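Heads up: the structure comes next, in structure tokens.
Each chain carries a letter (A, B, C and D) given by its place in the written order, and its residues are counted from 1.
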């Protein structure tokens, strides 16, 4: 696996498409255990990312990730804005100056991103947040002998589905206490789409 | 025909009963070409009249009518309060000091009352208001060779029904312009109940 | 019907008690009435200003009682004019020997009841004068025009004029000049429900609005498909300006009034477009008021009011006011 | 969904333009942002006060910008915290060299975004301090408590304290003391609809109410049959007082806040009973505020806020304010 700036750009564009398609669904999830804006927030944010990345050609992966981070930070708002923003910023820093990244760099980036979310959100695993997708995915990437896009997607998917049974301890969903169980966490769902989009991009290339 | 203070009191009590029974209907009429409070206003006003008249025994017809007038004036509110108030006040003045009234006195009283409504409301016949019941009733009473309660009720009823086709030129109904046609005027309806109540009282007595 | 009320028969009485309890430093309830009066009423040798009408338009009118605006306000039953005896009490408490101006919205009921009260007051030796507010351009026939949010400007300017020590006649003249120079038009998206009746005041389709509706749900000019904030602002402005015919360069006070359940956010969208249109027409905005000034229970919708100012009215509009709903 | 809006994506931007157009004598919009700031910002050597949050709570927070209260307010999308870059702009424009206090309602999103903005500000050499408002007693777990209408008292007292020339630390301390002494509880009859989603925030049965609901429709304590105004007032008061534990004889500021479509009439009914209960408990009412201070679009319902005062807070509460939504 070797991703250059163009590939990361493509990843973000496809993430945007997926998020736009699933905007209503994400909002519905947030309607159940939040305030019903997660789809709107993410759709606004990733549309802005897509527009921003179209403005120029990038030399390094880290620059694409940094612009993604700054755009999400400034356009998403809500709790998810600073969290996704921080995730991509840490990822960018982890691969600073690199024109391309390999599987090891990618694993390191996602690990740093997951840690960034935990720091910023003061969140632990199993508190029913997006970190419950980022952490297992980071773990899988570190453990995998060879990068396998489909397996990564599957890991993220299962991780997302596991949030369904959790009781929320952070964010708006925490107000629902025990009633938050039974619903997938919206931030976990959009995080899954992010990893799924990468798998789909890489899958297409064969 | 000879009415004393007790009979007038009985008339007002029975009017109150009729208005309470038809409160919803009167309000519905006012909902169509007004602001939907005529039944509420009249029910509040006549309940207060009934309570007030219960407080004491009266020597004269004029005193019963005066207390009725003052109570309606103060409790009905809206456009109908001062109009019904004025009507009973003029009636009271027309029979000032009388312990009993006969058919001629009664006719004079209703004529004065109708004129009072016209003065106060700056209203002409055929403008779709309560005066369109009071005036024809006064006219009938003046013209009748002998007082006939049933005929008076019938006159008031027909007069009320005639307001249905009129286009309102006074009061809230006037805002509906041509659309006010097709609905009975609420004030005309409550005025009819007043005359009907008298007929029913007199009818019961034989 | 979902309302935070007790027995609907007691709503107005209890509301007046609530108002008096909220602002004891400014106002009090006249015992055994639904009259709210300045706590220091009557103010000696000042013309008293009295207004009122049916309840359900809060903060109108009790919220405008206070130094600089009204001396007393009479609250009738919901959407029902108050009775003459209550109005008389308000006149009596407002009279500091210089007479009392009655500010009356142009509805049969209000006019009839205030006129009777004025006759009763004259009989008790209190001089009164009246001004009838009819700012709603939705009614074609001028004498029958309704009084709506423009009434607040009459309260403000009459109140400030009275504070200058002007005579009853002078205060009445200032108030009448406001009426001559103020125009309003409203629109609604949803009806409201009078507590005692429990029924909606009118019906509007899922995607309908009504232009020119009255503050008690009286019929307006036209029912049509719900339009955008910009289009609504434009339509209200066109009709108001067509009626008002303010020369370009005129200096205006603007009020964007919420009818009840329309969020302030939406009022600001309307205001944004109104201000753009005024700029385009080369009309000067001296001062803007956005908020709920003359409501209609929980009706959704808004009205736009424009008042043409001259130097005197600017000064009077700017004068201080301690009325709880119009502090400045 | 019946709303007076244009394209929902532009609502917040257009609202901010509308606010700036309404009160040019007091506030302006920072170009290319959704920040409303005092027109004379920054005030040299005064601690700046910045607040903000998702939109849909108007007049919070832009309505509280003005001499005596906030120096700047940041408007996020509806019910969505603003992003750090916008908050940073507000901090920069509010800083007159004495540092900036951030008044943050306790929601994950607000806390995260304001904290990031504070880090960015520190990086630019601007000193900030923060106070997190969590007055809603409906959440048992104190650190997770939400910030609701009590926030307005924090704005008022922090703003007045800053006007005395106090240091950032002193202003922060005064603000924190408000937070320690303020408690609120709300209830709703109907949900509201976020323009961009077009869907109700929650559902309530025809005859149901929810006690303790949040200003974005977050779940409350209990859903039950709609009660009378007196019963609602009683239930809110009992829960607030149980949590607050104010000694009898305490002097309080009271706020009866409308959530959006509840008519002012109904707020006064609640106020009436609240004042009776306070008298019964021998608690002194120093000042009462009835109106829409912290709304939730067109949600029907209200909240009750009690703030315990001492001499300092009385003085600061009484200090003048020119903020359009809190003139005094």
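We adopt the following convention: contacts are C-beta pairs under 8 Å (C-beta built on N, C-alpha and C of every residue); 3 or more make two chains touch, one makes a residue touch a chain.
What you are looking at is a predicted structure, and each value in this text was computed from that prediction instead of being measured.
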Top of the farthest list for subunit C, CA-centroid basis, is A
For the pair subunit C and subunit D, the C-alpha centroid-to-centroid distance in angstrom is 28
Cα centre of subunit A to Cα centre of subunit B, whole Å, reads 76
Chain-centre distance (mean CA atoms) for subunit A and subunit D, in whole Å, is 32
Between subunit B and subunit D, the Cα-mean centres are separated in Å by 54
Listed in rising order, subunit B residues that touch 2 or more other chains are none
Touching at least 2 other chains, the residues of subunit D are 78
A full list of chain pairs that touch reads A-D, B-C, C-D
The subunit B residues in contact with subunit C across the complex are 27, 31, 35-37, 40-41, 44, 73-83, 85-86, 120-121, 170-172, 174-176, 179
Given the complex, residues on subunit D that touch subunit A span 9, 54, 76-86, 107-109, 112-113, 115-116, 139, 144, 146, 194, 196-197, 199, 201, 214, 216-219
In the complex, the residues of subunit D that touch subunit C are 2-6, 11, 14-19, 21-23, 25, 55-56, 58-59, 63, 78, 189-190, 206-207, 209, 226, 228-230, 232, 256, 260-272, 275, 288-290, 292, 295, 297-298, 300-302, 327-328
